[in-house]
Amino acid sequence: MSTTVEQPRQFCTLGGQQSVVAIERAIPIVHGGPGCSNKLFSGMAFFNGFQGSGYAGGNAVPGTNSCEKEIVFGGETRLREVIDGALKVMDGDLFVVLTGCTADLVGDDTATVVSEYRERGVPIVHASTGGFKGNNYRGHELVAEAIIDQYLQPAPKVIPNLVNVWSVLPYQDTFWAGNLQAIRQLLEGLGLQVNILFGHDSGGIEAWKKIPAAAFNIVLSPWTGVSIAEKLEQRFGTPYLHYPVLPIGAVETSRFLRSAGEFAHLQSTQVERYIEKQEAYFYHYLDRSADFFMEMRWDLPAQFINISDSFYSLGISRFLVNELGLKPGRQFITDNPPEIFLDGLVNQFATLADKVSAKVTFTHDGGEIAKTLRSEVFDQPPLVIGTSWDRDLAKQIGGYHLSIALPITDRLVLDRAYVGYAGGLRLVEDIYGAVLGTY
Amino acid sequence: MALVNLANSNIQTREQRLGSIIAYEGTAADLGQRSREGRLHDRTRSFTQVSSCASDCSICLLSLIQDAAVVNHAPLGCAADFSMFNLTNRYGQFKRGITPANAHLVSSNLTETDTIFGGIAKLEQAVRDARERFNPKAIFVTASCASAITGEDIDAASDALEIELGIPVVAVHCEGFRSKVWTTGFDVAYHAILRKIVKPPQTKHPEIVNIITFWGDDVFTELFSRLGLVANLIVPFANIERISRLSESGATVQMCSTLGTYLAAGLESLYGVPEVKAPPPYGLAGTDAWLRALGRVTHKETEVEELIASEHEAIAPELAELRKELKDLTGYVAAGSVHGHSLASVLRELGLNVAGSCFWHHDPKFDNQDPAADSLQHVVKTYGDFPVSICNKQSYEVVNQLRRFKPDVFIVRHPGMAVWGGKLGIPTFLVEDEHFGLAYRGLLRFGHKIADAVNNPSFYQHLAKHTRLPYTDWWLRQGSTAFLGAEE
Amino acid sequence: MTGIVQHPRHLCALGGQQSVAAIERAIPILHTGPGCGFKLHTGLGSYNGFQGGGYSGGATIVSTNTGEKEVVFGGESRLQSVIDGALKIMDGDLFVVLSGCTSELVGDDTEHIVAEYRRRGTPIVFAATGGFRGNNIIGHEIVANAIIDQLLEPRDIIPGLVNVWSSVPYHDTFWAGNLASIRELLAGLGLKANILFGPNSGGLEAWRKIPAAQFNLVLSSWTGVSIARNLNERFGTPWLHWPTLPIGGIETSRFLRRLQEFADVDTTIATSFIEEQERSFHYFFERAADFFLEFRWDMPSHFATIADSFYGIGVSRMLTNEFGLLPLHQFVTDDPPEEFHESIRDNYAQIAPGISSNISFTSDGEEINQVLRAVASSPPIILGSIWDRDIAKEVGGCYLSIASPMTDRLVTSCSYLGYNGGLRLIEDLYSSILTSIQ
Amino acid sequence: MTTEIQVTPKSVVRQEPGVTIRERRLGSITGYSGTPDELVKISLAGQLVERERSFTQAGTCSSFCATLQLSLIQDAVVINHAPAGCSGDFPMFNLYNRYGQGKRKLDQTSARLITTNLNEHDTIFGATGKLLEAIHKAYSTYHPRAIFVTASCTSGIIGEDLESTLDEAEEELGIPIASVSCEGFRSQVWATGWDAAYSAILRKIVRPAKIRRPESINIITFIGEDYFSELLRPLGLVPDLIVPFTKIEQLETVSEAGATAQMCSTLGTYFAAGLEKQYGVPEIKSPPPYGLTGTDMWLRELAHITGKDDIVEQFIAAERNAIEPELEKLKKRFAGVKAFVAAGPSHGHSSMEILQDLGMELVGSCMFHHDAKLDHGDPAGDTLRAATTGSGRMTYSVCNKQSFELVNLLRRLKPDLVIVRHPSLAVSVAKLGIPACFVDDEHLGLGYRGLIRYGKKIADWFRNPAIERNLSRHSALPYTRWWLEQQPFSMLGGEV
């Protein structure tokens, strides 16, 4: 998927800066060209649900803004200057130096520079995120791994029931803040102590220090974060549960909670009691609106098409198929999963439900997506669940459209969540709101 | 007595005119025979649940006439379905490429004082306002239980306002309590149209065919153009001018005689516009017969035969596929009389068995008095007998039957009923577009719809698993007719 | 507001049937014409966010479907047979008989008949809700008062128990979500809310507990006041009336502080809860600030609400005090009784220091359109019902459905009440604006 | 020195791509703290020198400016030869495009943007192959009238030979394919990106004039609405807003216009001067038409060049009369209000004129860079001097949107209102509780009637600064107490 790309839906490894911004009181320091950080802020945080700067993002991000001089003579002195300044000017608990194309290409030894500061006791780490090295999903992992390798110390003892969660990407997932809060509530509902690490009230540096003390890690993600969990297993021997489906709606969420409960050796009665309560809530509303689903379905979109990363395309497909009984069209996966995960994903879509499967295309090139869909015939208006790029396409194929993935410029997103029981209801409201809103 | 009496603003209810009933349990064959032999008697339910009323049916037709306005002379609650008609209007406009806009609906908002001192003044105000706000080509004044019981003279008021405003102002006597058969509301609405909108023919347009429909997609224009005929869908989304010239058309057809019986027969008896008398165009046999009857009336026999042949051939392979896929499935149909017969035909044509059915009412005959139009008889003759019950949307009876018949799929044509199939875990859908299964291609559309529903029943399964029915175990053990009284 | 109505936003007293359907395992029995019950389900239940029928609503609603015969000869025997059937067939804990235009106009003595059943120990009450008696908000009060008068007995007080009289079920499209939010807010102060309507509200048992409440909370501009007064007379329960929808950071905290005072909850508990909630609210507020500051140059700075006074004032206060918008003109559509007009006017007169709003009491579409045509000098934000989409377009404004009837949205558990409710409304409003410009 | 512009008789003849960066061409700087008078003086004297910051925050780069202009040409395609991250601003250009199309009643379509998505492998083995692939994809998908290829740090550093690749493709496809050298690292002054884009247009798009259209006036601008008609049509002139939302055909013939003006001299300096040098289209050199005096002077020069001297005076008088009453009201409204401007020159200078005409007191301002001179070299065009006659001693600083300096400065000056002209600065200002007015439509305050439009718009916000109030109560700034006690510009190094 390294072909040329029209209408990008993911960016470069330096996008990891947004994961730093998402850690409470953490300060990113970008050792790159003058515009990199701002472009990534605008692509991931602003023109993506208008999530905004937050505490130390946007224009507050310290950067070396490397120029001709740094390219020709190297940028290490410049970097030192900026770090010195940052330590004085920026009020933060953790500093993460991220390198961009310029620094990595001219071969600045950023690692050494940063380690010198660390030796002096400064809470600072370095992530080598030169843009050409991969996408920002990888960037997110690089940042986490950098903190783990360069900053964390083994814990004296394991805290039972403490779990670290590695799931949706801050800012890349427009609904990350709400989703992570939802995941926390779900796991707390089982009686676990949840280390959510990113976003409001996640504890900042103290939470990260607790990572090695966790009883286990949960990777609630098709692939992103697996490498983090593996690293933690190597360094601290922490076991991990990899659960690939983003849980949306009752069926999926209950499935997830059961396997989490099992992995954590929780009393199944305790797990079931919680699940029962949540399902009662969820199905009360599905029941109440059943009239609508059945009376309107004769003409509402029979077929849905996801154009989003593997988190959403898989999570939403399973939800719409297994809960609302909708019919999947072709599914597009845009986050460029590593080779080893592809078969697993294809298989997931092949077995969405008994008798129900979906074709998958891995691409993040709007041109290819458009070409593929234009060549298909739809007996009824399909539902296109994707990004703001896809509005035109949806129109062209006579379908309905909802933006749920980067970039989102037609919605403002605050604490909305699509994960969990309530998240499922929210998604249903939004999907049919988008449909009904057209007339 | 002549069917249509233009001098009288009111008409007889279906009970009086056609001997219609709302309670029966037996088989299609028996029901048809009793009807033909005049041995059909209604039965009263001692227990009932909410149904619909004539006002509903009248307003839904009239409010979709694009340049008319409807004034509902009633307490505000009778306007509760305005928002539904409004969505039907906006959605229909959207599908027809018209910019969606609100329906022209006003309520005179009768209150306690009005019930004592009379509300005619408010009605007049409402009609004047409607004129000023929408500048309509006609205004329909629909009655209500309250206005009728307090004896409001809406006829006098309407006639006076008609002179004052210089546009037709038509009283529509659709008060809910007058008829237990809500489709009387269609007749009343059409009577209003015949009385004050339709004009005697200036010229004749033999090629134009009136098609009495609801709001379904236009599947006719293309079909008819291949016969050299022009489809004229009425009355929803038509305008007053077009409706005023219905008398000039070459023929009138309907997709459902329950809907159009009065208008079709009225146009024939008043202006000699021949009504095409045939079973409705659903299922192969029905469509063939319907087209041939149309061909005879419009002298297009040869074109019709060509059309039939080519369409049969065009759908044959896909139809065979579908029949294979749907083989051995059983269906249950719940719909308004004749359209219910049509849905039964479609199911049988697709190879499903009709395990049971429930029609909201039954007309033993139609206003045209012609057995050729006997849709029930047609189904029985073509596809064989099947269980039938007549029940005016009593969900407790339907639930009871569904649990007994356990169909694989539940097909409904009326809001509020579908959910009960779902709550029992039965794949269910509502056919809001009455043309969905119409003619040859409709069979295929419909077949795929059923396949989709049965191939992924997850929604219904979850619903059934997590919902509770509001009925006692006692009731669910009874026969569904337990509350039917003796024949009257 | 007894004038003629184009674009009705509230219906007739018989709409109280929806409040019955909202009580868990309660069964409405209508003594009315054949179409009434389903029409009202259509207008309040389905074509209003497609909330649906639920357990005992929609097509299951029991009804006598009075016809010519009953109108001429009276419908009492018919009513009896239908009640008999209902008791056998419908699996419910509470039965509420509601009379409509027909039975009341022909003068059936429904009250007497129902009383007979009650004497025999059936949990059944009668509510006189003839359509012409008033709108469905009154109908809601009539139903509640009927149950209170005909069924409830005095009980020992349970400290911290609070009966909540707020959103009118189904008519407020977001009632279920809103009531759930109220429950959570009260729990935050350590109070136990007796919500009475909607999921997990406890049904008949919860209603029997009403006399045991420490106090009644009327969280509404006027609806429910008559209920609280009634309860005060019968059981001496004190009551707090808070007329403004608590939505967003400022309004919700204002409400919680007053509640804390009235219920005299420990200040430290209340304060820590409020602060925690505000922190989370402002995390998102801060993030969205870039958007508001950088886009308002071309976004409407004035807004109009076309909704009941509860929503109208709450939303106005949030948009003005929290998001820096200015009120254009507000329309009060819920036909408040005369005695409340002044307090409602006052409330709108002091939305913020030095900022007030003109208001009209009307639910007539055309009247609203004319005012808006006159006052909208620049494109405004319009928050109203589906009826108002066209005028919003006409005056070049931005539009969001927040009031009944609502056919452009599907509503399940969505709530516009409390801290999160504020975030939700802002998300929905600005998303609809952003969608409309591209 | 205006000789920077490559002059040739016919633009079809190939010219060297790229432009000399502003630091060298115009002596531009990004660090300064002092007063307007002093800055004007040393700039004129050619004594202006850059002062570097030891600590900096994320800025913006040329690539952003270049792509913004080019991606809004309706029948062109922009290919960004870069890693995917450099396309972080694509969604923004897309929104600008759709939004602008909506306002101009055009079909709303997505912006035509492609990235070559460079990866590690490409940095080692080169990526001209991918570039060609992108060009072919662009051509087959959109059949554009021209293709612009914007460079990036990566493509620049690994030394991709764009020119020869593009020439091949141009031969093959027969449409102009222009390289745009907007590598971020080449200049600290991101405005260099405008120059790079315009030079590409001058080189490859603009054709020698076949006819003359004296009544047509090129207006170099961003995305603002067409308020220029208010000023030009009464004089019998027709504004031709370029480059956003034009088509290639329209750009080919800008050489036929009667004159070139701009809404901001920083934006169009290279383009305007180029058109004059290359095709003799005269440039309106006086400061852009904002504020009463500014507009007067601009109109007079425009009239002079286009031979409308006879009617201009009465038009000026009439317009000034027309707005008088409302202007007085607004002046009362804003009397005594202390204002601050944070924007790029020279539009920032224009905003300063507007605020003063609205009766506010300027307590300071901060511009994102400073050009010692403009390409036309004429001191008469000095927008800073024009804007600060009378307020020449206020606090004036140059800082490439370093929010840590701005916040520090504002805490000292305590203005009542701040005008902000660059994304994501507004919130830092608002966190101090100061009304932050972000006006994205750069034409809003244009000419005489613009004063009223502008005044009314910010009056609404000024009346109810609730967002700012709430932010200041609940949201922290990411700066240490230590820093807020330092002098705002203590991080500015010595002169280099």
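In order of appearance the chains are A, B, C and D, and numbering begins at 1 in each one.
Convention: a residue touches a chain if its C-beta (ideal position, glycine included) is under 8 Å from a C-beta of that chain, and two chains touch if they have at least 3 such contacts.
Please read all numbers here as calculations on a predicted model, not as lab measurements.
Using mean Cα coordinates as chain centres, the one most removed from chain A is B.
Per-chain CA centroids place chain A at a distance of 35 Å from chain D. In whole angstrom, the spacing between the mean C-alpha positions of chain C and chain D is 52. Each chain gets one centre point, the mean of its Cα atoms, and the points for chain B and chain D are 64 Å apart.
With touch defined as above, residues shared between interfaces to two or more other chains in chain D number as follows: 95, 98, 108, 423-424, 427. For chain C, the set of residues touching two or more other chains reads 46, 52-53, 58, 279, 286, 289-290, 295, 407, 438.
Looking at chain B, one finds that residues 87, 90, 415-416, 419 touch two or more other chains. In terms of inter-chain touching, the protein chains here follow a pattern that is not a line, ring, star or complete graph. Chains touching one another form the pairs A-B, A-C, A-D, B-C, C-D. By the touch criterion given at the top, residues 53-64, 79, 82-92, 94-95, 98, 108-110, 112-123, 130, 133-134, 137, 141, 152-154, 157-158, 183-188, 190, 401, 403-404, 423-425, 427-428, 476-483, 491 of chain D touch chain A in their complex.
Residues 87, 90-91, 93-94, 100, 412, 415-416, 418-419, 421-423, 428-433, 436, 445, 448-449, 452-453, 455-460, 462-463, 466-467 of chain B are the ones that touch chain A when the two sit in their complex.
Here chain C touches chain B in the complex through residues 2-8, 10-15, 27, 30, 32-44, 46-48, 52-53, 55-56, 58-68, 70-71, 81-82, 84-86, 88-92, 100-102, 105-106, 130-136, 365-366, 386-387, 389-390, 404-405, 407, going by the rule given at the top.
Those residues of chain B that touch chain C in the complex are listed here as 46-56, 74-84, 86-87, 90, 101-102, 105-115, 122, 125-126, 129-130, 133, 144-146, 149-150, 175-180, 182, 392-393, 395-396, 415-417, 419-420, 468-475, 483.
Interface residues of chain D, counted against chain C in their complex, comprise 95, 98-99, 102, 108, 420, 423-424, 426-427, 430-431, 436-441, 444, 457, 460-461, 463-468, 470-471, 474-475.
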